[in-house]
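The same chain A turns up in both complexes below, where it pairs with chain B and then with chain C.
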Partner chain A sequence: MTTTQLILLQVLNTGVTMGILMLVAIGLGIIYGLMDVINLAHGEFLMLGAYGWVIARLAGFEGWAGLIVAPVVVGLVGFAFERGLFRFLYRRPLDSLLATWGVSLILVQAARIVFGPAPQAVPTPLEGAVELFGMPYGRYRLFVLAVSVVVISVTLAVFRYPTFGLKTRAVFQDAEMAKCLGIRAPRIYSTAFVIGAALAGLAGALVAPMLTVAPDMGGNFLVQSFLVVIVGGAGSLVGVVGGAGVIGGIQGTISYFSSSVLAQVITLTLAIIVVRVRPRGIFTRK
Partner chain B sequence: MRTGTRSHTNSRTLTVVVCGVVLALVAGLLLVAGCGDTTTTTAAPSTDTTAAETTTTTEASVEPSGDPIKVGVVSPISGPGAILGQGIVANAKLWAEQVNASGGLLGRPVELLIQDTTTDPKTAAEKAKFVIGEGVDVLTGPVYGTEWGAVRPIAAEAGKILLQPVYYHGGWYDELLFVTGEVPEQHVDKFIPWLVENYGKKFYFIGSDYNYPHAINALAEEIILGLGGEIVGEEYVAFGTTDFTAALARISKAQPDVVFGNVVGTDAIAFMKQFYDAGLNKSITMYEPIDQSFVSAIGVEQVEGVAVAQGYFETLDTPTNKAYVEAFKKIEPNIPPVDISVSAYVALQFWAEAVRLAGTTDPQSVKVKLEGLTLKDTPVGEVTMRATDHHTTRHMYIAIARNGILEVVEDLGVIEPGVDQREVNRE
Partner chain C sequence: MAVMRKAFGGSSGAGVQVLSASIVLALLSVASGGVARLDQAAVWLILGLFAMSLDLMWGYGGLLSFGQAAFFGLGAYAYTWLTTDKLGVNLHELGTVVGLFAGIALPALVALLLGYFLFYGKVVGAFFAIVTMAVSFLLQSLGMGWSRVFGGSMGISGIPSVSLAFLGIPGSTKGVVAGYLFATVMAAVAAVLMRMMLNTSFGLSVDGVRDNEERLVLLGFKTIHTKLVVFAVASGVAGLAGALYASHANFVSADLMGTLLSTEAVVWVAVGGRGSLIGAFVGALVVRAMGFWLSDIAVDFWLILLGALFIAMVLFGSGGLLGLARSVWERGVRLAARDS
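Showing the complex of A and B:
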């Protein structure tokens, strides 16, 4: 394998990492940016998404069904929690921190009781490799890359173009004013929350075949997503997507040339610097 | 408009009710589990003949009577350590059932005080204090190093026997601490030469970044270099690493004969899956300290050919182990018996034998009998508790994953736990 090939390989792999990170962080960013809720249970939405494969298998569906089951199930769970709990916590970041931490513990232990404490395997739905730049590359990884790009583009478009996007951005910028102008903020909140949860669920379903499915798998992704939101800024989707690019890129590059431990140290240091110098994130104006 | 508002309100009420029900269900489930965790289990004297047959004692089967002898099992039944904790608890239950079926201990029934640490050191400390307050003379159960760190000083101060069944980096010694888990010396002393002989001299070290991998790699390196081999790479990954592509690219470039991996927990699963996906399994043999419960999580094809060295495998072909496995499956059909949990069973067997010899459960008298004690016939083979440092001399076995089962291919024989663990400092 030549050096050029190795670098290309690394670029592709970093792309996969970034894609997953963006899918998870968008939800976290939306929920924080719109409702001032710091959702510590967001990693558990990803975990539940990963269990989408297990649920699909138990329901008798083989093959790709898990990928469709995951966002739907997690979207519904997100809806239940939004209506039943989170909507009472809007604009109360500290209370929400405590409550969502509780929800996170409940979901992890519930998963452990329902699905058992042992990690479970998810077979790769797309076996084998394709020839790319003269080297083999996993087809499933390419698939994950493609899905991430498409889904993120669609999400950005949804929040950008139609009326929903316009209203959402209005609520984003000034909730009170938007309400005065007749926008039903609670409905926007609810929809945005469900979209965020479903995206995390999808991300969970996408990573499961590359990793494993375990009740406590959400934690790592939560930490990473928080770094993304801190670095990119929670104010806009573009900020979150940019943040995921920066974090994913740095981690990919440094862990390639050095070690994953150093990569973690550097991303954390970056987050601290950003909090000090640009508290609202690199990609947020002012 | 008005009807619209009304139906909106109705649907909102409905969603609140639905959400309430969902949350209540979840809470209920947790409550049930919570109760299960903290119950006191008195293993009823059983009339089950298979259980009686498997006990190593020859005491007559009389009904145990008098005050029960209490044994503390402070284990992670929930939390990340759950799978190992539940295995330890099941083994303790099996042990108690067998002891009671064969007339109890000193004629008295044994009773387990099972407590859930939730894999949290602070909770582990509280639970250890609780069982000591209830009058136990012996306790076991923790899994993670953080839990041991919390429980060790409490047991030592209270003057209770503490049984440690988890393989670890070595060097722990307390007057009343008895270790049945393996130390790195036992993992590498004969296994590394075996790897060199069977697969080649070029090794690549990769491990999670904590003291066990560092300790075992230092020992392994010495042996490999001594045999004229070389280390073509050494790296440690942060806990929670999910993407191993960078490490795999380096391994692919270094082309070792053996990847000596000590990546642990769910990180190991991700690592081994990605190792397989990258096609590296075709030319490189991998070692990872996995047990049977990992195999289904990684995938049968993905683990094929992985070599493991441990003190116990379910597939050990001895009559004692077969009877043990059969009895264990009746207690816990869902979790396979693994090195760590079976070592807890052996530790309790040690303790029971020492109590019989001492004629009392008094920790100081039991300690004297434990030192140098040999159990000829346990599921893991012959085991001796070394008098000096309270670590066990025990068999090590090599298994290779074949069709999803870790099949024992070689018994490396009895291996000493290093020279003296009291001299070792690897914290």
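Showing the complex of A and C:
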């Protein structure tokens, strides 16, 4: 394998890491930016999504069903939590932190009871590799890359162009004024929350065949998403996507040369330095 | 002298409270499971001291840390590194005493460094909580992965207990009763020292930073320095608790730095009620004892209950057990008054 090919391989792998991280972090970022709620149960939405494969198999669906089941189920779970608990916590960041951590503990333990504590392997729905630049590359990883690019673009477009996106950005900037202009903010919150949860669920379903599925798998993705929000700034979707690009890129590159734990420690150190230099994130204009 | 007497006179109460709680716990433990159960109870005392360190941060300083165990664990590892062959600096019995001080110093220094970046970066509130949580989570991952230094998933065992034998003073804190007494004394002394600090004018500025930082800044206080000192002292106390834990349990692992212990401490402080030190101490004893008792019945449901406690404390206010009892009482009185 030539150096160029190695670099290309590395770029593709980093792209996959970045894509997944963006899908997870968008939800966390939207929910924080819109409602001042830091959702510590967001990692568990991803975990539930990963178990989507297991649930689909138990329900008798084979093949691709898990990928469709996951975001739908997690979106519904998100909707239930939003109506039942989270909506009472809007604009109370510290309280929301405590309550969502409670939800996180409950979901992890419930998953342990229902699915068992041991990590489970999920078979890849797309076997084999394709020839790419003269080297073999896993077809499933390419698929994940493509899905992330499409879904992230669609999400960005949804929050940009249709009336829904316009209203959301209005609430984002000034909730009180938006309400005065007749925008039903609670409905925006609810929709945004469900979209965020479903995206995390999709991310979970996408990573499942590449990793093992375990009840406590969400923690790592949650902490990564924190770092994204810290580095990118929670002010806008662009910030979140940019932050995920930076963090995912550094993660992917360092973990290629060294261990992934070291990569995480370095990204954390970087995030703490960024906080000192650019408290509002590198992608937020003053 | 008068100043010292004033500071100490108002502070010894904290020590008396800790001693009383410890005596009650000892009586209950011996009554329910014999002297051997004191071994378990001493761990709770140490965790009670840990809870007080978080109360200093959260209840007094207004800084909610979701990663306090990072400093507890660092203290435990500092003690371990000086008393075992792990890093090649085994000081043996001398190390057990030096280790206690190192267990305070290392976390305090790390906190100063971390605090410098965070407080000058104006990280407060929920953001401070998630950054500290990330620190705790990643230290745990690092500990799991770096077995040459942290012992990895096996942890490090065979850590000696604190002993003064190198000074010719016989005995160690290894025994069940000696270990319990040692934990009690250390917790009481630390509580008195924290209370003394809070009783000074510096303590008043800590209250000020919590209640209205902006006003303090306008009055010319360097509030960032105040927060740095609170963070460092609280981390040092957490580290002392960690070192005591290593000495008592003779075993450390990466979990001691992790998010579960970090957030469990938040529950202890919330249950006991913020801003009273003794409340946090008792909160830790009560919640741990409850967990111990419940795990006989249903170990699977303990974490679910813990999660429910988190949600409950948000929905039912922030006064802890005391506050809850008070509000129930007041509601009862109101109802009675309306009926009559």
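Some points to look at:
The rule is simple: the second predicted complex is superposed on the first by the 281 of 286 C-alpha atoms of A that agree within 3 Å, B and C clash if a C-alpha of one lies under 4 Å from a C-alpha of the other, contacts with A are read in each partner's own complex, and residues count from 1 in each chain.
The working rule: a contact is a pair of C-beta atoms (placed from the backbone, for glycine too) under 8 Å apart; a residue touches a chain by one contact, two chains touch by 3 or more.
On a predicted model such as this, the values are computed, not experimentally measured, just so you know.
In the three-chain model built by superposing on chain A, chain B clashes with chain C.
Legend: residue contacts after superposition of the two complexes on their common chain; A:L85 is shown touching both chain B and chain C. When the two structures are aligned on the shared chain, A:A59 is found in touch with neither chain B nor chain C. Of the two partner chains, chain B and chain C are each touched by A:Q109. Contacts of A:S259 after superposition on the shared chain: both chain B and chain C are touched. Of the two partner chains placed around the shared chain by superposition, chain B is the only one that A:M210 touches, whereas chain C remains out of contact. In the superposition on chain A, A:F226 contacts chain C only, with no contact to chain B. Of the two partner chains, neither chain B nor chain C is touched by A:L166.
The clash between chain B and chain C in the overlaid arrangement falls on one stretch of those listed (129-137, 309-317 or 363-371), that is 129-137.
Comparing the two interfaces of chain A, the one with chain B and the one with chain C have residues 85, 106, 109-110, 112-113, 219-220, 223, 259, 261, 264 in common. Every residue of chain A that touches chain C in the complex is listed here, in rising order: 36, 38, 85, 88-89, 93-99, 101-106, 108-110, 112-113, 219-220, 223, 226-227, 230, 259, 261, 264-265, 268, 271-273, 275-277, 279.
In the complex of the two chains, the chain C residues touching chain A come out as 64, 66, 114, 116-118, 120-123, 125-127, 129-131, 133-135, 137-138, 141-142, 144-146, 259, 263, 266, 270, 300-301, 303-304, 306-315. Contacts from chain A toward chain B in the complex involve residues 1, 6, 9-10, 13, 16-17, 79-81, 83-85, 106-107, 109-110, 112-114, 116-121, 123-124, 129, 136, 138, 140, 207, 210-212, 214, 216-217, 219-220, 223, 252, 255-256, 259-261, 263-264.
Per the touch definition, chain B reaches chain A in the complex via residues 12, 15-16, 18-20, 22-23, 26-27, 29-30, 33, 78, 80, 82-83, 86, 209, 235-238, 240-243, 245-247, 249, 252-253, 266, 269-270, 273-274, 277-279, 293-294, 296-299, 302, 334-335.
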